[in-house]
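Letters A, B, C, D and E mark the chains in the order given here, with residues in each chain numbered from 1 onward.
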Amino acid sequence: MNARPGLDQLGLSSGKKARLHRILHEHGLRNGTALFLPYDQGLEHGPRDFFANPVASDPKYILGLAIEGGFNGIAIQIGLAEKFYWDYAGEVPLVLKLNGKTDIPSTIDPLSPTNATVEDAVRLGADAVGYTLYLGTPAQERDFAQYRQVRADARRLGMPLIVWSYPRGSAVDAKGGKDSFYEVDYAARAASELGADMVKVNFPHPEKQSGAAEPYLADFSSQQAIDAVVRSANRTLLLVSGGERAGDEAMLDKARQSMEAGATGLIFGRNVWQREHSESLRFVAQLRDILTKYPSR
Amino acid sequence: MNARPGLDQLGLSSGKKARLHRILHEHGLRNGTALFLPYDQGLEHGPRDFFANPVASDPKYILGLAIEGGFNGIAIQIGLAEKFYWDYAGEVPLVLKLNGKTDIPSTIDPLSPTNATVEDAVRLGADAVGYTLYLGTPAQERDFAQYRQVRADARRLGMPLIVWSYPRGSAVDAKGGKDSFYEVDYAARAASELGADMVKVNFPHPEKQSGAAEPYLADFSSQQAIDAVVRSANRTLLLVSGGERAGDEAMLDKARQSMEAGATGLIFGRNVWQREHSESLRFVAQLRDILTKYPSR
Amino acid sequence: MNARPGLDQLGLSSGKKARLHRILHEHGLRNGTALFLPYDQGLEHGPRDFFANPVASDPKYILGLAIEGGFNGIAIQIGLAEKFYWDYAGEVPLVLKLNGKTDIPSTIDPLSPTNATVEDAVRLGADAVGYTLYLGTPAQERDFAQYRQVRADARRLGMPLIVWSYPRGSAVDAKGGKDSFYEVDYAARAASELGADMVKVNFPHPEKQSGAAEPYLADFSSQQAIDAVVRSANRTLLLVSGGERAGDEAMLDKARQSMEAGATGLIFGRNVWQREHSESLRFVAQLRDILTKYPSR
Amino acid sequence: MNARPGLDQLGLSSGKKARLHRILHEHGLRNGTALFLPYDQGLEHGPRDFFANPVASDPKYILGLAIEGGFNGIAIQIGLAEKFYWDYAGEVPLVLKLNGKTDIPSTIDPLSPTNATVEDAVRLGADAVGYTLYLGTPAQERDFAQYRQVRADARRLGMPLIVWSYPRGSAVDAKGGKDSFYEVDYAARAASELGADMVKVNFPHPEKQSGAAEPYLADFSSQQAIDAVVRSANRTLLLVSGGERAGDEAMLDKARQSMEAGATGLIFGRNVWQREHSESLRFVAQLRDILTKYPSR
Amino acid sequence: MNARPGLDQLGLSSGKKARLHRILHEHGLRNGTALFLPYDQGLEHGPRDFFANPVASDPKYILGLAIEGGFNGIAIQIGLAEKFYWDYAGEVPLVLKLNGKTDIPSTIDPLSPTNATVEDAVRLGADAVGYTLYLGTPAQERDFAQYRQVRADARRLGMPLIVWSYPRGSAVDAKGGKDSFYEVDYAARAASELGADMVKVNFPHPEKQSGAAEPYLADFSSQQAIDAVVRSANRTLLLVSGGERAGDEAMLDKARQSMEAGATGLIFGRNVWQREHSESLRFVAQLRDILTKYPSR
């Protein structure tokens, strides 16, 4: 288990520290852990994701859920932020997602174009911005260039930057795959090298070894893998993504191992809102029970 | 008594609402009232203000006092914000005071030059900016021009703007004086007309009538005066200034009448920190007892 | 005696900390103290200052003296920096003085116009910039505006900002005078409120009380006065100016009391180079003997 | 053997000379030689490089090693510089690496996108910037355009520019290969022609002749090859890269021949930190023994 | 006598050195001395200056004279440069005078506004620019601000900057007067502190002591005075102005003493062209005889 560092040990500027303090210590469990609600699937996947629980199609419902469930923040695109955040402004921290794409064209070698700026986030009263970086695609060069501007603006304005660090593309598929230990570990490190304040990664699968770099071919437990991933992120706080809806026990296990490894928290969307309201809250309560055991300064 | 409006009734943008929500509902009494600690006297008056309680010379002490006393915000200049706010970033809202001056040269017709920008405030993680507007001086024209930039930037970045609205100058002295009902009422209204989100005024003195406009020459109680001042500010939230150290009972009366009139809160500096620590906290507790009776949404 | 803070306790950015580390820990006594050599008198007073020791007219001689004497930095104007610093680039830290004026026109209410930028300082390899702020003059407003740009650029580029904080003008003359305890104390505090990283002040004279603010009318020793001035500067490191050539014992006393009070160091020009070479070095050795007793991190 | 020129013989501006003086004469052996620690492998190769010595995954450990080992500088990416350099700001010179990429997508014809600017380097207190130029790839045109901005900014701000000059791509593979004498010699010269202040090259292999230009087909010793490479760099100081971990004797031979040829120093990363701490220091001591024999002004 | 430094000892950039090399070593006597022809009197004084020799009113005549007389450069305003320099472009170096004024309004406290830019000078093929700085006037602040831009542009474009450094104003009149040793010495030094590459001063009069600073009240010969002035200018090359038409022997004496003191040359206008052509050339020949005795690198 890695010790989770306090906010004063991360080399943060005053503005980033103030905003992360709000997220981690003035919302949610107020103990330095985080539970984020991502809600950009309407753009990324389309409304198909809402058929399992049609009310989830309504952004106002989701914002209410974020508040009722005691989330540390909600991650949405500019359009929903402009039209829905005012109603609850300040009641739950806003993470403005700055880029996004549809999944209609081929997503083999994706790039996610920005549709909003860090200044938009400031103007709306957001406490962080989110950026999806697709590592390993042939478009990596353009992605890095686009990301560089976001990073520089976030620094200039004291806005915490959360990187959705996702290995993608045919090269990734050939080297372990997007949720292999090798690729997830690389993704965490790359975000840290490129200046993310938080990084969102998939939970690593050490058994996916086909094509992975040599050191990853040994026999690692999933706990060992997530431990290593948190270490690779060093002073970049780590969030583990829920991904597609899966069995509750599997999700809770993933959560426990992540927190045990020193992650700062979880970012679970579909596993939360792709079910009926009271079921959502019951599942969230279980996640909070886990987070409550891992306080930090 | 005026009913104090909720944040959703003020015509605020999303960012301003989010930040005012934090100030008014996530700090202090969390009931929509505000108790601010102003600490720019080191520049405005020099260290002489600290001789009554030498430890008050230390900005770190004052920040600690703001947190221990449960203040809704602390108002400081850029130099102290840059060097001291990081230690407590996010723990108490920062109001970055954007202009200031020394009192060494003649202050008959003052103008307070800006020394920081709204973007500095964003960068440092502030939740509001403060601007001193000297109404009625011959320099009013340059003052308005300087203010206009601040207001425009505050709007662009969703940053609440608190105006220290102070009648000053020889013309003011000849028309009631800087804390006459006439001048204070005018100051509250002018701030509202010019786009302040909050306005800080002195408590009005209806008995100071020499030179005041005709309608102010009648017999008004101080409660009637402050009622009128709050009405003049309309959707601009009103803060009453403590001013120089005075007797506790007088200060508490001023506070009661202000809150009864519909003020949002108080901004008391020297009356708080120009005394020994436990005395400061005892006085603050009395102020909080008053504020607790005036909740709003 | 105040404890002098380490560089990690000052709220410095990475660039400012790196450059101050170089000045305070990689030059001079390398113990956190500073001895600066100011050499802008050729502009401020004209060549008359060099008649006492004609070789001092040659900037190359002065740069050599700064190195031989083990100074922590030399403060010069852009013209000399452009033409002379290259020869010794990096061997002694450069403090580029950004403003200056001649003393030919009336200096009753002075303003010192900038003649170089922080970017010039970066380009030349300087480790700090200097700015003369004349507090209390009628030109204070324009001075603050000019200063604001310098401060913002220094922050943006991570360049330490040393403020020559000088009370001046007829109002100052009427309120204690430019080296009274009241005015010097105010000057130290104002520099701190306005964001200086270091402040250069004259040694305070508590006996000059005519017109000073009330709290300064008591009986203070000069040690008590300089103690208070250092406290007023809080996280802004304090340098005591030598001023005009005076008796060595008086200067050494001033130095001792300043360091005892928690000053970071001394900035002595004419008292150093207005004498023959070996005499200069002998005097510098005495100053170093004092500084060596006051190490800090 | 080529005589290594002094800093005053290189046509440097004042700022570049000051910063190189700091690197070469105020750190390391302080004799004009350099030993740099490169630590951008976390981005370039991923965390797999840290498995041989897991503590090397921690940037704080590496910074400490750079200081304990007496290195002249450490080369890192913006993310690590922002979050870790503050702790040791100024204690070891920072070389901010301005571009970088992952090795997940095909690296046959690489281009390394910039993720930071020369102004970032100034702001962080860096003493040099690093840029990887891939000579010979089909992307050379875009690479040169990107490099041109870096060079111009470095000149404007007086920041030394170190070029990682790496022949790469299918054309290079067909003409001797990336570490052939022909390609390395070309790389050294190209960096000099394009305005690098220092150039980092691989040690040249004169026996790799397949496809090389005609004059390189003769029988050269490795000493003759590195002599020629240093001459090709002329006033651009030359650093020899360590590359992958190899046998100590081979590395020390490479170091000796390089210094004998007139190189300024070495930039060894994996060969240093891919081993246990005391082993690292022992190897560094051997490198320092070599460098100590090659002083220059 | 001061030794005159070579161009490689002045801390010049490449562009400034190249252009000064052209002026000092490829025109005139080609021995490092300079004889400039100033011709801006048409603006400064009006056509009255041409009545003594009406053909001097024709800029083409004056350009021809500059070439025939073997001058090192001609200093003219933008209007004449635009319309007349083309005819002789490159045959005699152009010094574009960037500011100027008429003498119709009161000249007690003058400021000379710029009417052209350094970029104009580049465009026209000039080898230097000229700027008149009036030291000591109440307008000094605006003058410095205007000058700062010229200096920065000259640096950026590698253009030598010649400062007409003229003490002026009521304060100057009260402190020795504009051609007193005290004021001229100050003017030379101020130009050097402010970054001039060459400075044009009046010949100093040590006997004008009324109101001068104390060190100037002793008994100095004019040779001692000009020696001191050249030393004050240090690496700023010094030109002595001819001023109003005077007796030839007095002018030649002034020239001899100046060159003996280490001046770089002379800038004589009215004394040259306020007489008939062959007389002009005869006088010029006498000046050249003097300059030929003072070669430098």
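Just so it is clear, contacts are C-beta pairs under 8 Å (C-beta built on N, C-alpha and C of every residue); 3 or more make two chains touch, one makes a residue touch a chain.
Everything numeric here is computed off the predicted structure, so don't read it as measured data.
*Asks:* What are the chains that subunit D and subunit E both touch?
*Replies:* Both-contact set = C.
*Asks:* On Cα atoms, by how many degrees is subunit B rotated relative to subunit E, nearest 5?
*Replies:* 140
*Asks:* Select, from A-B and C-E, the pair of chains that is joined by more C-beta pairs in contact.
*Replies:* C-E
*Asks:* Taking each chain's centre as the mean of its C-alpha atoms, which one ends up farthest from the centre of subunit A?
*Replies:* Relative to subunit A, the chain with the farthest C-alpha centre is E.
*Asks:* Return the distance between the CA-based centres of subunit A and subunit B, expressed in whole Å.
*Replies:* 40
*Asks:* Roughly how many whole angstrom separate the Cα centroids of subunit A and subunit C?
*Replies:* 49
*Asks:* How big is the gap, in whole Å, between where the Cα atoms of subunit C centre and where those of subunit E centre?
*Replies:* Taking the mean C-alpha position of each chain, the two centres sit 35 Å apart.
*Asks:* Would you mind pulling out the distance in Å between where the CA atoms of subunit A average out and where those of subunit E do?
*Replies:* 68
*Asks:* Going by the contact rule already set, what residues in subunit E reach two or more other chains?
*Replies:* Touching at least two other chains: none.
*Asks:* Which residues, counting only subunit A, touch subunit B once they are in their complex?
*Replies:* The contact residues of subunit A facing subunit B are 13-22, 25-26, 81-82, 85-86, 89-91, 94, 119, 122-125, 156-158.
*Asks:* Sort out for me which residues of subunit E touch subunit C in the complex.
*Replies:* Against subunit C, the touching part of subunit E is residues 10-12, 135-138, 140-141, 144-145, 147-148, 151-152, 155, 167, 169, 171-172, 175, 182-183, 185-186, 188-196, 213-216, 228, 231-232, 234-236.
*Asks:* Using the touch rule from the top, collect the residues of subunit D that touch subunit A in their complex.
*Replies:* Listed in rising order, the residues are 40, 42-43, 46-48, 50-51, 54, 57-59, 77-80, 82-87, 100-102, 104-106, 111, 113-117, 120.
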